[in-house]
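What follows is a group of structures, each given as structure tokens.
Both complexes below contain chain A, partnered by chain B and then by chain C.
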Partner chain A sequence: MLSTLIWFPVLGAIAIAALPLRQSKLVALTMSGFVLLWTLWIAHQFDFTNPLLQRQEYLPWLEPLGLNYQLGIDGLSLPLLMLNSLLTWIAIYSSQEETERPRLFYSLILLVSGAVAGAFLAQNLLLFFLFYEVELVPFYLLISIWGGEKRNYAAMKFLLYTALSGALILVAFLGLVWLRGADSFAYEALMGQSLPLWIQIVLLSLVLVGFGIKIPLVPLHTWLPDTYVAASTPVAILLGGVLAKLGAYGIFRFGLGLFPDAWATLAPGLATWATVSVLYGATVAIAQKDIKRMVAYSSIGHMGYILLGGAALTALSLVGAITQMVAHGLILAILFHLVGVVEAKVGTRELDVLNGLMNPIRGLPMVSALLVLGGMASAGIPGLVGFVSEFLVFQGSYSVFPVQTLLCVVGTGLTAVYFVILLNRTCFGKLDNAIAYFPQVEWRERVPALILALTIFFLGIQPTWLVRWSESTAIEMVAATPTVTHSPIAQVSD
Partner chain B sequence: MDFASLAVQLNAGTIVPEAIVLITLMTVVVSDLIIGRQASAQWTPYIAIAGLLASVVALFYQWDVANPISFIGEFNGDALSVVFRGIIALSAATTILMSIRYVIQSGTSLAEFITILLTATLGGMFLSGSDELVAVYVSLETLSISSYLLTGYTKRDPRSNEAALKYLLIGASSSAIFLYGASLLYGLSGGETRLSTISASIASAGLAQSIGLVIALVFAIAGIAFKIAAVPFHQWTPDVYEGSPTPVVAFLSVGSKAAGFALAIRLLVTAFPLVSEQWQLVMTTLAILSMVLGNVVALAQTSMKRLLAYSSIGQAGFVMIGLILGTDAGYSSMVFYLMVYLFMNLGAFTCIILFTLRTGTDQISEYAGLYQKDPLLTLALSVCLLSLGGIPPLAGFFGKLYLFWAGWQAGAYPLVILGLVTSVISIYYYIRVVKMMVVKEPQEMSDSVKNYPPTDWTLPGMRPLQVGLVSALIATSLAGIFSNPLFTLANDSVLKTPMLQQALGRSKAPIAKQMAPTISQQLSLQITEVSTKKAVSLPKSMVHS
Partner chain C sequence: MTTATDAQTRIPASTHEFADVVQRLEAGGSMLPDTPENLMQIIGIYKAYAVPMDFYWRNLLYIAEHVFLNPLPAFKYFLPQEYLDLHNHYAGDDADLRIWRGEATAHPELLEFIEKGELNQKLPKLLHHLWHDRINMEFAEACMRSMFWHRGMGGQFDPYLDSDEYKANTDRAIRAYFQGNPLMLGLYNLFPDMFLEQVRELSYYANLGLFWEVMAPVFFEMSDLYDEGKITTVPEAMDFLVNGIFAIAGRPIYHHVYIRGECYEIVPKSKGFMWLYEAALPYVEAVFYRTSPFRGTKSYNAQAKQVPTDQTEFHYGILYADVFPVGSAGIPPTLLMQDMLHFLPPYLLDYYNQYCRGEDDMLIQLGISFQRSMYNVTSAVIQALRTALLYPLDDPNPKHLMANRQFFETQLDRFTRPEARLRDVQRQDYR
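Moving on, here comes the complex of A and B:
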């Protein structure tokens, strides 16, 4: 029944594009709502104690190529599937009623959602690659048709970077399968370790760079600020909330899962790389004058924690990393959504112009309050979901990479700095009464933010509901990897 | 020699598909003469299409034929040639579908156009199976001369004339070079013209290392590379593609190219096994140059036909990867790619013809905002171009996947990586066209699109265009996802072809032994060693010691 998650949105997309339906938003919303419910039902049936693949589906497809239709979920993919279904629904809900060319828009969003679900579910390397590449053109169109200024430039940059990332990943996959002498790209068949270490390292590096573009990690990130800023709000939510997770998921599933030896060898380097990303993202975000750009750079920093958790490779840090993917997806979605609302109402994203939106009468009090909540969650304030995941990552990584972890903790401090700047300028201060004739904020704009805020808050005080999905899978993944030599400080801290 | 054994040796049944095309051709010519131009234009194209499809059906029955050698070794109708002949016939049929309206609108005679096109098809089909130097040259010239005529068909258009003249001059010199190479082969082998015996004769004469053989190889490759438009023998392509009538370009880029590849496989594998390292090296160079130059120069094009010209150079580079590998998987993925290329490239050309007929231009900038006026055309052209760019889940993606996977298995890592990189580059220029059509706002619409007339499918010749468009769209969308039958066909064609199995067997002895008994009527083309086997039914030409 996992196929439903892929094909229902895809068929919906074709139906919306082909049939002359008037209410395409309503149709898309219904379809994605159904997919969301279906995902929740699958999650309900999920067996927490089983670390292995569940609900597998298999259909022979292109045997000569070793490409078969193989699906399955485990603790790594299920949280991300739920995130994908939720954010698709949110993105469709939060899109403007008067979106131009609605049929194409909603059909592309549904198509992307189905393809991303397919990538999370695929248990065959080529099938994953296929789904990974399918979202390329729809996203290109989503950015370049409905984007802001510089959308053509941003969309083309996104397209070329992603296509290059796909090429690198394909080379790594082809290389792995050929060197292993396998005749199929099935994931299970390729697990385990038999390649010489240096080959593993080469292939892992290709995978890391390929997915590193998607995450993105510094210095492969230059497409991100342009793209996130140029994309319209629903598209930015999907880009930052879901698509970036595809990169992180790919690194875990195909980097860590397929090259455990090389991963253990490269882990210190990866942790350092993650730290560089975190610090770079945070410091550059501080310097931004555009709030959407600031949020975009914050995303670079936060994706770094995921890599840190993966590099440390303790059960705790891995659970933290998976949790961070979901947390970051939710937080980024609420921030992009609110920034979009602010831009729509106030007409600017400039920090120097924005002021005093918290004003209860003439400002945007509810939006500002939610923005404060989103900023707090992003900065890792306890009681919100961001804290849970960051704490898990740091707690799990400290014993392995104390220095890098401490530097990343400094990174969260810097996060607090730029969010204080953002919130202070945007929400507080004195509203200039002369210009403060903002349009009414509609419920359509409040509801997505409220849902996300509630989720962020609820998972913050009840983290088990988030953590339990991935626990056994994380333990299993750690067990499958050779032990990393602990540094002396680790023993002290234990 | 009694009549019965002569009939066996002629084995004329092998060329039934070509005979059907020939009969169709005669019917078209004669009926045009009898009933006149206006009346014949009503139905000659459909006769031609029916004839070509009948020829494809006849090819289907040639698939498992016991003895494919005919005309005392002139023609070899093995499975590989069957596939290539099928590709050429289908591309000609599709070309006719798209040319009816175009030729009518250009005010020239349709029946003559179809006649020349069918002649070219005939040449291409014979070329795919020619197993002997003279037959190769004659069919090559049939194809080439008809192609020159086709490029200059719209004779009142100066650009068409220019294209024809350029094509004729460069083509004639390349033919001459090829002929010179063939004559060298003839001399070196001591008077052999059959491809399969040439190399054995050269080897037994102790000339395997001679410089003459290398020169013959270089000249032969020059002739082939001209046909498949591989860099640096591609200079004619952009000008000829830009000036010629668009349906002709479609045929040149698919049918003629497929014939060139058929010739390349057969000639290089059977006549030049002694210098296989050299020809692989030369072809590798050509493939690299084609992929890089074709895809990079395409970035700068402003005319749609020129864009497709350079893109087809790049595509030929991809196909050549399969040729170079010299493995089963390499050849079959090459054949598969050509089949897929047939759908997507002809689909793209159908769209361009439709657009040109509506607006009279083929500038890329004139496509701006087309989605508003013609969604079907926009969809079809986008799908075909994205498929050429290798975007999943379209057919071109799977074609490239098969090719790259075969390349990787054969250890051609640099080629595959270069192929991937140039594919990424190619996405840029394909998506540029898609962007023009889909992304542009209504106010950015080009003048041509603003004045875009509503499509009237009832005009004569429009229905076939519509049929071609929709079927190419469907095939391009689905041929990849359901590629099992097509790939099995491609794979079988390689496995059933004795020529390729022999060539592969030299490097992989156990496989050759495995394959040998399955091939009925095995013909021994002993290449490196002196022949000890005797061919079953062809005593004269096959035995040598």
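Moving on, here comes the complex of A and C:
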């Protein structure tokens, strides 16, 4: 059942790579479309009230090593699986028809999809690590072969950073198992045991830095702007929309889940770290002249909200953090897609050159309108999904970390500042005669953005459809971490 | 017809920024390069312009002559049949001077459009009007207001509007029009200048209507000649305009008002105001060159001196217009483009479909063709002025040729400012 989400894309990747198929994009779309439908069906069957793992699958594999094929879903992983399936389909759909070496390209994307799904589903630390590492190579190739300017530099930087990330995580996992004297890497088996607090803090620190690189958090972020900017649009969608969420997922699943005492001890520091990320990302985004780089830095800021929600560790803030993962994935995907369309049509991403794209006849009016919507969603305007997640995080975190929360609210204001700058310079004003001969945006290019926009809008006005998946799991995770002070106002059950 | 060598061999080459254009003008050419593509664009646009223009001049005269000072002119664009049947003085069998070989009454394509509109459905006139499925008279009124607002652009017509004679004529008409209406007569007694100013504006309605009454058949005839293969170059098209200008130059400009069947001469024909000096030249100056800042996507900051304090330095006319942002709603040239869109000849439709975004941005493409065509009309005016005021192009006297050169260069100086589109229309890929 769950294995389908991993192996169907992998089989698709193998089929596309090995068989002389001409319509590789169509095959990839069909495969990813099936996976998306399958994920939705699993979601339909999901029991919201059950906080524990559901639909578990187990196959003994290398038992002497403690490595078994062990899968399951809960309220933390299911929303991210849905996000992964949706964005994979969107990424494939939004890729150019004339992509070079299409068989390799679509194979790698499907491989990434399968590996990420595996990481979200894995209930064995070593199995998670394998999936976590497997997606590294396809991403490296996707950036270095189909990337833009400085792609080799960006791909190498990405590889080095994420390899370091993997190494730190592996050390933490091995340390946990060895120090506990456990004979298995099974997640559930490791949850219940305790270690001295200082050891927990050391191991948690490794996990935080390891996954913090992936998210990324300041100052571990320096690979991100180069990589996001160099990556082609579909790859940037997957990097920002899915891969970064894998980092956040890892922090919650393994940091919070395996080291609850240490988490509670470090929580104030984490909240401050989150605040620094939010403010740094927002202020640096304001200074950018390249709209893709601006969106990339905005991502750093927005991922900070997730850490804040996790650090506060109220049920409400944790639901907000999980919701923010999905919301941010959707918003980042639409922004990257639209920036890609703008670049493809206008030939530049420079704020100083772009102007007047809202012009109804010679501009890119629908793209501009959707860009406005994406910017509004990112800035947390009510009625859109960004508001739901940010409000939940702030509402849930304020009672625990009021100063950090208020500073993050300032960060939201700064988000509005740079998006106003972006939209004002890009969409409004006078269209420049010298460059205003842009090709028309085709419906094929509008469809991904429209799907994402509808999702962002729908979940904004009907947030229950987003938060209900993770409520029970969030309450359970908070309950398992007894040391963080909670305020009654922050109970999700209120 | 002269050749380039007359001026070029007898006087030193021009060092003007637009030396190549000066050379072309000295050779009897147009500011617009002579290419078949340019010719096709400008002739096609002349035809598309002439059809709504046939409505504009009739409606302008109707407003000036019959609507007059109606305080609630809600139906002023509902042109009565009488004015659709009104004979153009330069077309039809009974023309004073037959410029166009077609009918003197409203153009058939215009009548068809008035009946069914863009919806291509016969609905009550009011519905077509409210749906804006009609000829946009707002453009014609914007041109009229531009002439009226700038005023003082030479000639005798405009000073006459401040004369005692004009005031007396106006007073007589106003009192006749409001006869039996004590409220309006009382208001007139209280605010006579306000009503006088209204009538001045109506005199410009008549002025522009009489100007366009000439231009519509000129453009129709050019289109027919092009279709028959008798106009084959841009200079030929310009020469047709120059010849037309001289043939019609003396046409009287007047303003008559019809009140209860009686004609009141506000500006009598007997004043001898001539079409060329009192209508054509002020029109070109006000509409082609000056107008006023667009209310479009480009905003001007008057306090930052982005708008000249001296009206004579205004440069917002079609020769300077940035046609791209004009795609927004509500700006007069946009309305004209919308009007012309309905009457494009098939060859121009095919042409636009081949470039840029085809049908989707045709409005802008035809706007730029219109800009090209107006550079050709302005060239005709410049050549006509040169003919009237200076020397032949093949004059043997170098001093005379130099005087011509200075005249051309002075005219082209107005296009050296960055907003001017003369540079752009030299390129074929400016669309």
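One rule holds for everything that comes next: the second predicted complex is superposed on the first by the 482 of 494 C-alpha atoms of A that agree within 3 Å, B and C clash if a C-alpha of one lies under 4 Å from a C-alpha of the other, contacts with A are read in each partner's own complex, and residues count from 1 in each chain.
One rule holds in what follows: a contact is a pair of C-beta atoms (placed from the backbone, for glycine too) under 8 Å apart; a residue touches a chain by one contact, two chains touch by 3 or more.
Quantities reported herein were computed from a predicted structural model and do not represent experimental measurements.
J.: Mind checking the superposed model to see whether chain B and chain C fit together on chain A or clash?
T.: Once chain A is superposed (C-alpha atoms), there is room for both chain B and chain C without a clash.
J.: After the superposition on A, what does A:Ala15 contact: first (chain B), second (chain C), both or neither?
T.: So A:Ala15 meets neither chain B nor chain C here.
J.: Contact-wise, after the overlay, does A:Ile145 reach chain B, chain C, both or neither (first, second, both, neither)?
T.: first
J.: Applying the touch criterion given at the start, work out whether A:Val137 contacts chain B, chain C, both or neither, answering first, second, both or neither.
T.: first
J.: For A:Val441 in the superposed arrangement: first (chain B), second (chain C), both or neither?
T.: Neither partner.
J.: What is the C-alpha-centre angle with chain A at the apex and chain B, chain C at the ends, nearest 10 degrees?
T.: It works out to roughly 130 degrees.
J.: With the two complexes superposed on chain A, say which partner A:Ile361 touches: chain B (first), chain C (second), both, or neither.
T.: The answer is second: A:Ile361 touches chain C but not chain B.
J.: So, A:Gly429: does it touch chain B (first), chain C (second), both, or neither?
T.: Only chain C is touched by A:Gly429; chain B is not.
J.: Touch test for A:Pro64: chain B only (first), chain C only (second), both, or neither?
T.: first
J.: Is it chain B or chain C that touches the larger share of residues in chain A?
T.: B
J.: Across all Cα pairs of chain B and chain C, what is the smallest distance in the superposition, given in whole Å?
T.: It is 32 Å, taken between the nearest C-alpha atoms.
J.: Taking the stated contact definition, name every residue in chain A that is touched by chain B in one complex and by chain C in the other, in rising order.
T.: No residue of chain A touches both chain B and chain C.
J.: Touching residues of chain C toward chain A in the complex: what are they?
T.: Where chain C meets chain A, its residues are 297-298, 322, 324-325, 327-328, 356-357, 360-361, 363-364, 424, 431.
J.: Where on chain A does chain C make contact in their complex?
T.: Within the complex, chain A contacts chain C at residues 356, 359-362, 428-431, 433, 436-437, 440.
J.: Along chain A, where are the residues that touch chain B in the complex?
T.: Within the complex, chain A contacts chain B at residues 61-65, 67, 126, 130, 133-134, 136-137, 140-141, 144-145, 152, 156, 159-160, 163-164, 166-167, 170-171, 174-175, 178.
J.: Taking the touch rule as given, give the residues of chain B at its contact with chain A in the complex, in rising order.
T.: Touching chain A from chain B are residues 386, 391-393, 397-398, 401-402, 404-405, 408-409, 416-417, 420-421, 423-424, 427-428, 431, 434-435, 438-439, 483-484, 487-488, 491.
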